[in-house]
Structure formats: C-alpha cells, structure tokens
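Heads up, the next two complexes both have subunit A, just with different partners, subunit B and then subunit C.
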Partner chain A sequence: MTARHLIPLLAGSAIVLANQAFGADDDTVQRGAYLARAGDCVACHTAPGGKPFAGGLPIESPFGTIYSTNITPDKKAGIGNYSEAEFAAALRQGERADGANLYPAMPYPSYAKLTDDDVHALYVYFMQSVKPVAEQPPETDLGFPFNQRWGISAWNWLFADADTFQPNASYDQLTDRGRYLVEGLGHCGSCHTPRGFAEQEKALDGDSEDYLAGANLNGWWAPSLRGGDDGDGRGIEGWDSQAIVDYLKTGRNAHATVGGEMTSVVANSTTHLTDKDLMGIAQYLKSLSANPAGDGATTADQRQQATDETAAHLQAAKNLSDGERLYIDNCAACHLDDGNGAERVFPPINGNSLANADDPTGLIHTILAGAKPPATPTIPAQLPMPGFGWRLSDDEVATLATFVRGAWGNDGGAVTADQVAKVRASIDDAPLDKAVDPNGELNHDDGESHAANGAQ
Partner chain B sequence: MAKQQPRVDAVIVGLGWTGSIMGMELTDAGLNVLALERGADRTNEDFAYPKPADELEYGIRHTMMQKPKQSAVTIRRNLDERALPQRKLGAFLPGDGVGGAGAHWTGVLIRPTPTDLQLKTFADQAFEPGVLQEDMQIQDFGVTWDELEPHFTFFEKVCGQSGTTGNLNGSIKEGGDPFEGPRSEPYPLPALQDTQNTEMFEKAAKQLGYHPFPNPSANVSRAWTNPYGMQLGPCNYCGFCSRYGCLNYSKASPQTCILNALKQRSNFAYRTNANVTRVELAPDGKTATGVTYIDDNGEEIFQPADMVILASYSLNNVRLMLNSGIGQMYDPIARTGTVGRNYAYQIGGGINLYFDDIEFNPFATAGATGKMFNDFSPGNFDSAQYGFIGGAKMHSSQASGTPIKTPLPKNAPKWGQGYKDALQKYYGHHMKLSMTGSVMSYRSNMLDLDPTWKDPYGMPLLRMTFDWKENEHRLSRFMRDRLSEIADILKPDYRDEGFQLEGSHFKVTSYVSTHNVGGAVMGTDPSNSALNRYLQSWDVHNVFVPGGNAFPQNFQANPTDLIGALTYWSAKKIREDYLKNPGPLMSRS
Partner chain C sequence: MSQPDNASRRAFLRNTFTLIPTVGLAGGVSLTAKAAEPPPNLGDYQPAFFSDEEWAFLLAACDRLIPGESAGKGPGALDTNVPVFIDRQMDSPYGHAERWYMEGPYVLDGSPDLGFQYPYTPRDVYQKGIAMTQQYCQQQHGKRFDQLDADTQDSVLKALEANDIDFASLGESQKLEASEFFSSLLENTKEGYLADPIHGGNKHMAAWKMVGFPGARANFRDWVDQHNVEYPLGPVSLTGERG
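Showing the complex of A and B:
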C-alpha cells in the first residue's frame, strides 16, 4: 500500500471539473448556482426520481395539470439554444424563445425583479454547469380556453408588470437584500400570498397588506409571513429574526418544524443560503406589519390558562373524552400534555398554524401520513413523525384532530370523518422530504445498496 | 475469480457504533469510505411509534438480533469438553443490521475507572503474590485515563449522556459518584427521574455508608442536539429500551446520533446484506488488500481497500481475524498466539424483593433508570482479604415493565391459572437489587476456530471456551452479602435471589449479558495482545479492530462508553499519524 492512495478526494470535485470543461468564470458559475438555489428552480423543474432540471414535474393548478419544462442546456429538449436575452425574457416576462407565453405557474411575476447581473449569472450557470438532459417532459395540455397561451398576455398585462428591483433607502442594506430575495428569486408569495379571482397573487411586494398574508395551498395553510409584533401569534409574529434564520437553515426552531411543501423548500433552497442572506430575509419579514388580529383573538395570558387547563386534565386522566384518549395514546409521548413538544426536536402543536388553520387538510394529512424534517447540513437529524393512518379510522382521526384543534388555546374548529376520508384518498406515496442534488445524484437517505461515491 | 468492486480508501466491516464513529472520523480526514453491513438497513422509520413497543416481537422473538444461522458460536466450558453450536440465542444477544447492538442496547453509558484501565499495575501493588488465581491473565489496557478522557467526553456529548457529575477536574460533587475518575466537563444533561425503587435503594445504601448516584444514561433526560447536529428527543419513560429500538428517538444509537450526518457525506457509502467472510492479505501477509464478502444474491465479491476497519461485534471481529490469518491463533496449552486470548465476560446477580403494599409502576421507566454505587470497584475497597480481584456496580435499576418478563417469585407457577394469579398479584410490586460484576481473563477462557462446525459458506465457526472461575465466585459471594444487607433494611414481604456462587457454571440457555469482551485485546506487548494500544493489528498494519474485543479483561460496568472512547482514540491516531505514514504505529520490540 502506498500513502498516495490515501490522498483525500475533494467533495464537490464534480462541479469543478464541469466548469473547467467550459472554461467558465468560476465565480459567476458559483454565484449562478447559488441563485438557482435561492430560486429553488430544481424543485419544480425536476420530476420525482428524475434528472435535475430535466422538468416533467406535474403541477396541479385550478386549470389543469401543468408539466414543468426541461431547463437543462440540451439544445433540443432543454434551453440550450436560448440566448441570454431569451433566457432573461423567459425568466422575467414568462416569454418563451418562440414567443409563446409560459403559464404563470412559473413565478416570472416575481423573477421580474431580478437584476441583470443575477440573470447573467444564472444563465452562465445553466448553460455551462448544468448537465444537459435529452429527455422531453410531457407537454402541458390544458383544456380550452386555458390551452390558448395568447390569453396569458392579457393576464400578464393585468397582473405581472412588476419592475426590476429598485433599492429602497428606508431599509438598511441587509434588510433590503432580504427584500430582494423574498420578493424576487425566493418567490415566497407564490405560496404565502392570497390569490385573487384570476389566480393572481394579490400583491407582489410589501407595499400591500395582502403580501405574504397567508394562503391556502391545495388545502394546506401556508401561514402569514408578515412578522410584525402585534398579530394573533399564528404566523411568525412571535418569532425573532434568529428563529426565522434557524427555521430556514435547519427546518426547525423553538416554534415549529417544517412540514408539507415547505420541507422541500428548506431542503433544496433555503438551507443552502448564507446566514447573512437568511438574516436579511428574516429582517425583511419582521419589517412587515402583522395581519390584524381576528375577531375573538385571545391574549397570551388566556392561551396560557387554556394550556394549563388541558395539560392538567390530561395528567389527571379522569373522565377522558375519546379525543383526549387518542391524544394520550398516539401523540403525547412526543408533543406532551401541554402540546408544546420539545424544543427543536418535537414541534409544538399548541398554537401551531397548521393545527389552527381554517382548512384542516394539512393537519389531517400529517396525522395520517406523518412528516419528516429534511436532513440539512447543520442539522442532519431526521426524526420522522410516523403516520397514524394505518392504525386510526377516519372517525378516530376526526375525533383526534378535533381535540387537537380545540385543546390548549387552539381554536381550529371541528373535523369530520368525511374530511378525513377525502384526505386519506388523496395521499399518494410521493415523499415530501427528498432533497435533490443539482450536481446529479439524488441524495438517497437509505436503501439496500449504494455504490461507493467516487470510488471509481 | 470473485467479482471485484472499485477500490476505496477504507472499508469498514459492520455499521454499528464503532463503524459509524470510524465513518465520521475517516470521512472527516477526507478518505473515501465504504461500510459493509451484514444485516439489513435500519433507519429511524423502523422505530416509528408505537411499533417497537411489542414485547413478543422484539423482547422474546429477538427481531433486532443476529440469528444463530448467521452467527452461531460453538460453546464449551473447558478445554476438555466438545463444543456445540448455539441453536437458539440465550446468554448473549448480538445485534443485527445497521446500528448493531447499538440500536437495541439498554443505554447505560458509564466510564470505567482509571484503575480499571491499569488493573495489572494495580494488582501488582495491592495483592501479595499467590493471592490471585495462578491462571489469571489480567493486563493493563495500555492507554491511560488522561489519554482517553477527552474521547469519553466527546462520545458522551455525541450520546447526550444524562447523569450527575461526581468528580469535576478533581473536585468531588454532591450527588455524583465520588469514585469516578476526574471528568473534564460535567455530564451533558441532568440525570433521569427517580422511581420508587431508586429512592428506596438510595436511602438504604446511604444508611450503610455507600455513595449512590444516578445510573449514567444514554436515554436522554432532555432534548439534545449533539456535536454532529443530530437530535434526540426527551425520554418519555416508556420502558422499551433493552432489546428494542427507541420509539421516541431518545436513546443514543448510531441512528439517532450519527448516521444521518454520515450519510450526507459524499465520500461515504454503505452496502447492507454484505456479509464479510474474510480480510484478504497481500502475499507477504503484512498488509490487507481488502475484504471478501457475500452479497444478498449469494455472490462472492472482493472489495479492495487501503485500510480495513473491523467494526463488527467483538466475537465476529475475532472470528474474522482468525479466518483471515491476521495474527496467530491463541493456543492455551503451548501458550502461543494472541488472537482469541483473554476472552472475558460480565457476571451478574441479584435479589428480587416483593412488597405487597408498594406500587412501583414499572411501566413508567427508562432502560437506564436506577441508582448505583461504586464503592466496590477495584481500589475502593480491600478485596485481597476476600481472595479476589475485581468489583461490581451495585444498583437498583428498573429497566422495563413489560408483562412477559415480569419477575415472579421462584415458587410461582410458570403457566395456567396459577401463573395468571401470580402475575396479577406481583406485577408492579417488585424491585431488584443487582450487581454487575467484573470478569477477569484466564488462560483457558478463550476463543478459537471450531475444528468441526462450519457456516453455510464453509468458514469455521468461532469456538468459545468459557466458565466462571473461583475469583468470580468469591466476588459474587461478597457482593451478594452486601446486597443482602440492603435487602434486610428494606424488609420486603418476600425475597429470592440468583447469584453465580461456588460451583456454578456458565449456562448458555438463559440471558446473562451481551458484554462479550476480549479475544483481540489491546496492549503494549505483542506477545500478549493482538492489537497495539491504537487498536492496530500488530501483524497487519492496515487493519484496525475497534470494539469490546480490545478489553484485556472486563470491568464492573457496561462497555459502550469505553468502546466509543477507544474508537475515537484509535481514529485520532490514524488521522494524525497513520495516514501520513502508513505502517506499524508501535514497534514490536
């Protein structure tokens, strides 16, 4: 044996090699790669189990199924023939190279804010560092009238004429950078801003109180991200900036653990952002005035009193209702009698935005199918919440969910067995937690056998 | 010609505690690392609430354990008997699959004492010649407390060790173990909650002048994020620890403490159902070229590697060395060879106390729940006058409240209505006083290759020759008498006991302990150790063998903390010296 064999292999060497092949400016490529993370391009432009950026992910919209496109630099199937100007038009105006309109599932109304510099870096990254894939994703074929892409021009005229980002001197530099990321590449509003009659986001920037005010996403409540201090505590109002950074960086903080669609956003996008950018995002969100508290909103004191009452009743374990019994048997081991869980490990359901949402779909889904936080670079631990669908009937889940939505200071309202049955029928096996490595390999978490990476 | 896989820098055989630790350390050093695991994959999903809480499945049918077909050893009690293979697990329960025994252990995470690491030196000072048994072969570990202390500290942080500090940098702390070696940092987390039995035991022990302290635990008392960013949830005292995967992610294991972090690394990979049968050596026998394994299709595959880490269970590590010709097989008659020498074990015993009017609520407990005292460890009392060396942790633990294993008085019927009546009468009314004792090493307690029995691949089975010796009988007698004094204070309505007293022999059919240690021991003298003090084979320098196999004899407590610390110790030396200049880290002379 020789010592030479023990020379370390550099992780990430694949990227370096790919860049050299094109003679690209490494800094620009890396900046582009980072921006692609910030925009989470890979999430929509990769089919489950598919090659990164090769498209084909079916996206359900109110108008039918839209398939994401191949944005690898393949000249036929992808965007290999796009000039930088054509790339920019697609990104910012939703305009394909052939002049047709993209469906606004592509968040070009947000990407319109991108600076020329950043568009350039993204272009260089996609053209020179992403591996071309020759696979043609399925064509999107919406029924009439939505298959008439020219109609989108009118929609664009009405809703999408946002300008390139303009610095705002009333914010400090870091916060303004956060505003750029949130309103632009981060396209947070796609899920968190309520939509209007034409499925348009009601606002594209913080000038409006509708912006990031919370929205229903296929039944899951995407909570308000307006972080000001005087809301009813069901969004991120009570979180300080560092808590927001922790959530985006690691998928968990003292208040919550990521679930639903946001799981992949953390895994594929936000965990890869710098702490500084995340702090900018946090500060910007904290600068947005909170949603006005609703009628009948409770005070912190009232919620604490209600928490103590529920916890005491569960501990005494006398005259328990069916919902309380189900909670003790299935949930209390981790979430505890006070519903507060264990900091950063088991999330609180007491005061949880998903548990209290008007639409209980997200809560039901989580009870039935469980949830799993992403493995992030700083917090790789994955402590899955198991699904309970295999052992609880629709009736039992409804009873349990009704208890959870009314226990402690929660006020989510009752759940019916019919609602549970509907969610149960909709659950497929598509995991929400799989991270995609844009360098080419799916980041498998487990499996029977893996070849040694780079051993060849 | 076996199929050949692409070369790796280091191959790790077995993905339990030591394999996972080595995986982290060697990938940190930039090596390209592959782990081969004989069993199936196991992730946190396998332990999803509430599935592990099934005593029949896990506690009785041993779902988490190796099956005799995979790993039987043949057993005899002395050199004159003919060894026979295990047909059923009994005395010890090695773990199966990713995580190994680290997934189903109880979670007692306790250090040896500084004296335990240098027992031979201590014995030479404290015992007149001729007091100890002539065939005893005790040795120093070859590594000191000060050298290992930082590695204990780190491993305990990895595990989220919960307990009460007794000796912080030489300053004795109230409530902890005053006899523990000086710790450089306090326990990462506070101790677990007490139960009724621990309070009773503590009071009686103090009355007799002993120094009880909470069992050091790897069932974490609070939520914990370890240095790798791995997380454990606070223990909820469900009582399903030993023999079970933890359903609350509260017990330190490779799964909860290391594996998600390791799997993120692009220079790490692992294969399951890859049963390594031997290490392949270069023609001169001085280096290993890789390992041969059988995959799940029964195909034999050669995996070339520049380093081989044998990180499987202690018994299998020894067997792999013997089947690969790494070092010389021990011969107790000719007194030659070192591989298989100094196999040792753990001795236990206890008194069951039954109280008609006390409810112990055994269903609300953690595996490590309990209190112990260390007053009877070597150096803390004068055992020479009783003619034995060694010691015992004296404790009252309440590890579980599962129904099938509920202790019943010896005279209770074993089946039928009488059994049901007894179960109803005594469940929850029992506590136990226990000793966990050291076992010394002896000339004829050993491991070698069985001359008759082979596995399905034609490889000889490991043969274990083991029995209790007079030294351990005397130790048991002494400890029994001390525990009886505690029982007298507690005044149970009924009591019975079980100890390995004079004349008793090792029985393989009922559980004793899975603390099988020794057989490939560490040391500073190649004539009496298979590994040098860095756990490197004296004979094949690119083979390292971390595990309980490295203990030259066993001390009076649970081995996991020492195994973890030794593995980090070995890894440090590999990273700092071996990788720069591969070769023997100690000279043979």
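Showing the complex of A and C:
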C-alpha cells in the first residue's frame, strides 16, 4: 500500500470503503488525471484565482453568462454524491444527477465519444484525487427562454447525437488514438468547428467537411485545423505533423505562437499530453482534407512574390504609406520586413491566420493589449509582445492593421477606427494604461520605473 | 418510429430553422484613445516644483546654455521644453535622490572620487543654487538673473562654472559649490534636450531631428548592409510620435 492510501486509511473508514468499492489503483487515478488534462476540465471549471475544479468561471455565450460548476468531490457544492453512472451521464449526455440538463457550454456532445474505461478512470480521479472544495459557484441565470433547461432536451435530440467512439480500421492505431482525443476529450470542435443556427457545432467528427473548418469565437478566429494539403497551402496545411506537436507541446513552432483562448488550452491541457498522443492528434489533423481554396485564393508563389515586394519597400523605407511607417516604427523590429519574425521567438504575421481572419478583432486585440505565450515545461520562458494601446490611437491601429492585413500576400481586408474603438472598449483598462504617468515615466510590469534614472 | 424517419425529420428541422437572434451585448462606455498627449506650450506650463521666481531663473539659464534658433544652428532649450523636463525630474525619484545613499557621513573635503557628498537632494541643490545665484546677481548687478542682459547672464553662468561665486559667503553651510550647481544645471539641460520627449523635453523630437538621431526604432538590421545610403526616416519617440 502506498503512502497516499495510508492517510485515508487512518483518516476514516468511509474513505477506505470507497476506495475498495472503486477497486481503484494508482494507475487508474493517474490515467484519470491525464484524461482530465486531455479534456482541459480545469480551464473552465476553475475561476480566476480560484481553487482547481471548484467552478465559477463566467463563460460568455450568445445566450448570456454561464457559470461553470464545482466538480470537486464535495458532497454539497460539488459532485461528491454522483454515482459513476450519474457522472457518465453528465459527461456524455449533459444530464445532471437531478435530471436537469446542463448547458451545452459543457462539451458533452464531444465527451459522448468517451469509452467506458476512460469515464471510469476520470470518475476515480475526481472522486479520489481531486480535493473537495465546499464553495458554491454563482448560479447561471440566463434570461427567458434560455433559463428553461428542459428546452435543451430538444436541442440535444437534434444535435447531440454522437455515439461512443468506434475505432476506424482505415486509420493506423496512433492516428485513430489522435482522432479519439480530438473528437472526444480534446473537444477541439467546440471552438474550431463553425456553429449552426442554434449555436450547435455543425459537425462532431471528421466525416463532415465542416468539422474543424475554422470558426469565429467572440471575434477571435479559431483557425481551421484541417491539415490536408489540397487547399490554398496556408495555415496548418503548411505545417508538418512535428510542427503541430511542437505547437501543442510548447505553444510555439516555426509558424506561429499561440494566442487568445488557445493559450490556456496549451498551458492547461496539451502541454501535459505525451508526445505520442500529440503525434496521434497531429497525424489525424493532417488526415483531414483542407478547406478548399476559395475563388481568388492566392498561390504560394504569388504570396512569396508579394512578400518580396513588401519587404523590399520596407527595407528601402522611401515613399512609405502611413501604415508602412507605423509598421516600421512599431512592429518591424521583431516581426521584420518580411513579416516572418524569428522562428519560435517572434511569430510570423505573414500568412498568420489571425491577421487574415475576416473578423479583425483578434488582431486588433493583440495590437492593443499585446500577447504572452504560456510557460510550458519544455519552453518555460514567456517572451511577451507588449501592448500598443497606450501608444497608438484608434486611427493609427486601424491604419497599421489594414497594412498588416494586406502586406506580404495577406488578404484580410481593411480595418476601421470604429472597429478598433470597440475592441479597445472591451479590454480592461490595465493593459492600455501601461503608458505615461504624470512624471513622464514609463511604467513596467515589474513595478520598476526604469526611466526614473533618466537625469542621473 | 424507425430510425431513418427520425433522422430525416431531424435533418429537415436542422435545415429549416430560422436564425435565432443572438442577444446583443450592451455597449460599454468607450474609452478614448490613449495615444500620446501633445506636449504643453512652455508659456502655459505650470511648474510642479519650481516657484515662479525659480522658474524665471531656470528659463533664462536654459536659454543661455542652449540658445534658440536665432542664436544657434538648431532649436534651443526653450524651443524644446527643457525646463519642463527639469521640473518633472524634480518630482521623480532622481529629484528626491530616492535611490542614492543619503545617510551620513558626508565627506565634504574628500576626494572627488567619493562622488556626491552633500546632504542635498537634486531638489535642494536647485533651490539653494538658484537662491544664492539670485542673491549674487542682486549684490553685483542689483537685478535678478532673469532681468540681466544676455552677456551678463553668460558672465554669471561662467562665474558659477569656474566656482568664482563663493556660495559659502552667500550662506551655504554644507560646502555646496557654485560649480556643483552649475554642472547639475548643464547636465540636466543637455539631458532634457536630447532625452525622449516622454520625459517632457525634446519637444517634437526637434533635437533628434537636428542631429539626425532616428529615435526609438529598436532595430536597424536593414541598414547594416546599405552602404552610403542616406537614412530616409525621421525619428520616432517612445510614445510613437513620428517625425
């Protein structure tokens, strides 16, 4: 008997009985912990600064704010009284122990793929290894009609039809394992699959071309994860499997650095997965045919030519447009004239999915507030991009973003100052205020005013 | 009900629903853009540290140390808000000597190698230095420094620099010397002239434009290999102002 089990033994017979009832061993607990990582449960079920799995994170949805629930084994505030069958129903059918429906912010349409074995391991992990927290997160209180949880039954009947995962012999074992993780616990489709008229994911598995075809998430473009090689060659289509593994493992690769919501997914989930599982995920994504190139899509040669032209013009630095000058003054030091940055350090803007998205919100947000990659075990350093909200006016950001979205073969389209103003209004003051205090000193993250010695 | 019927009905419903209108989020109060505020006009500027009389001295002295367009080849200290820079520095950690060792003992007769040895912060140095210089001007010329003509002002500044004005005889008890005050004044004036405009001086980067300094552009890799090509870009400041 391990030390971990010894303490509950001494602490009380009830827990010992529970352990025996589950017949659980360390391996099962550890497998459950790993699966909880793969499912990224902690990201949604933990409030900012709160205890793990105690819930309370406000999740903005088109229907109102949904608060995540406490999924610690606390008997009152959490799921301590759930039987394994009730736990499985919540996970796979979105059904609470009292029979009410969960809001589909919980990705049960994806978790429906989970095998019984994995549900069991997760149950054992949550009941035995997660610390109970007796905190009741705020109740979700959507307006009518979305507060009528019974209505979700109809939604479930229409859209949540996925069955338990069935192995597909046309994939090799590793790729099929990747498919299980992507379609199931990874619930990648929650963000990367476009949603239909009732906010349902248009597809829950790779049988449909809509699956993981890219979607707008609160203004941020969650790019297509369809990595086959028959589209326009941009995005993940141009990444090899190892590049996908690197991205999920470290938050960066030669093509991109993670930003937006995906930052926490890498930090909390994918960086903890085994290289083997990540390779399975990568191979599965590469097996999905790319989004077909639309009318007017550019070829790689055309984009290279446009890149050379933009870079040459920036390098000569003569007869610059305002957008070009703003790029040189604010961005080029790191992202360079060709917009390609430096591998794994400064991500490319050239061909960047966020820069080219129809909705420029994510790009504007990044320019205004900056970005910080996650610290991952293999690359703990977080070289952040500073925010430029304090330095550039709405007009300047619009001019700069418009340039960036049209340079080097990018084709994102123009941005207006109004769009910038809207994003600025949505950002907390803090990141925009790192500017000038009345003494004319620059404020820095570390609280040191480096400029203060200016006159010495 | 057989499965195919069920499936086809679901497909029908999926395709015939009209769009559910999403709830619009009420717009918050929009923040005004935080881009750099324009630098003040020197005439409108209300000094935070210096008194009116000290301010008049500072303006006159800076104007002699770096004279304006009419006298020199480039913008002067007053054209570039140098006194604003100095006033702001007086309210910074520098002005308060916040990061200096300011406990005794003060080795007032020691070697210059010992560095700054007065029990004074830069704020004190300015207040005492200006007061004693004004006293000197009243004694010698019957006027305040800022009331003197330019040549006489120059001679007073030269006397400060050369330590020909004896601060001790004007009441200085801690051996602060005229040259020490002058060197602070000259040093800070140069700094205000050439520092980034974010600190209050170098208004509109005029000094940088004059000397051809490109400012805070962070990376000049492009120009390493461009030989004998004139650099075509004006400067950029920390607040993003483009010149």
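The rule is short, and it goes like this: the second predicted complex is superposed on the first by the 402 of 456 C-alpha atoms of A that agree within 3 Å, B and C clash if a C-alpha of one lies under 4 Å from a C-alpha of the other, contacts with A are read in each partner's own complex, and residues count from 1 in each chain.
As a working rule, a residue touches a chain if its C-beta (ideal position, glycine included) is under 8 Å from a C-beta of that chain, and two chains touch if they have at least 3 such contacts.
Computed from a prediction, not measured in an experiment: that's the story for all the values here.
> Could you look at A:A421 and tell me whether it touches subunit B, subunit C, both or neither (first, second, both, neither)?
It touches subunit C, and subunit B stays clear.
> After the superposition on A, what does A:A333 contact: first (subunit B), second (subunit C), both or neither?
Both partners, subunit B and subunit C.
> For A:A317, using the defined touch cut-off, is the partner it touches subunit B, subunit C, both, or neither? Pick first, second, both or neither.
A:A317 sits against subunit C, while subunit B stays out of touch.
> Between subunit B (first) and subunit C (second), which, if any, makes contact with A:D394: first, second, both or neither?
Second partner only, subunit C.
> Tell me which partner A:P48 touches in the superposition: subunit B (first), subunit C (second), both or neither.
The answer is neither, since A:P48 touches no partner chain.
> Just subunit B (first), just subunit C (second), both, or neither: which does A:V345 touch?
First partner only, subunit B.
> After the superposition on A, what does A:P138 contact: first (subunit B), second (subunit C), both or neither?
Neither partner.
> Spot which of subunit B and subunit C makes contact with more residues of subunit A, would you?
Of subunit B and subunit C, C contacts more residues of subunit A.
> Is A:P167 in contact with subunit B, with subunit C, with both, or with neither (first, second, both, neither)?
After superposition on chain A, A:P167 lies in contact with neither partner.
> Do any residues of subunit A touch both subunit B and subunit C, and if so, which are they?
330, 333-334, 449, 451-456.
> How about subunit C: which of its residues touch subunit A in the complex?
10, 13-14, 17-20, 22-23, 27-31, 33-37, 85-86, 88-89, 91-95, 98-99, 122, 187-188, 191, 195, 198-200, 217-219, 221-222, 226, 231-233, 236, 238-240, 242
> For the complex, give me every residue of subunit A touching subunit B.
Residue list for subunit A touching subunit B: 1-3, 5-12, 250, 330, 333-334, 342-346, 370, 375, 377-384, 386, 443, 445-456.
> Can you list the residues on subunit A that touch subunit C in the complex?
So the residues of subunit A in touch with subunit C come to 62-64, 143, 157-159, 161, 196-199, 314-318, 320, 325, 328-330, 332-334, 336-337, 388-396, 421-422, 424-426, 429, 432-433, 435-436, 439-442, 449, 451-456.
> Residue numbers of subunit B touching subunit A in their complex, please.
Counting only subunit B, the residues touching subunit A are 5-9, 29-34, 41, 43-45, 48-51, 222-223, 225, 228-234, 236, 238, 247-249, 256, 260-261, 263-274, 287, 295-296, 306-307, 542, 579-582.
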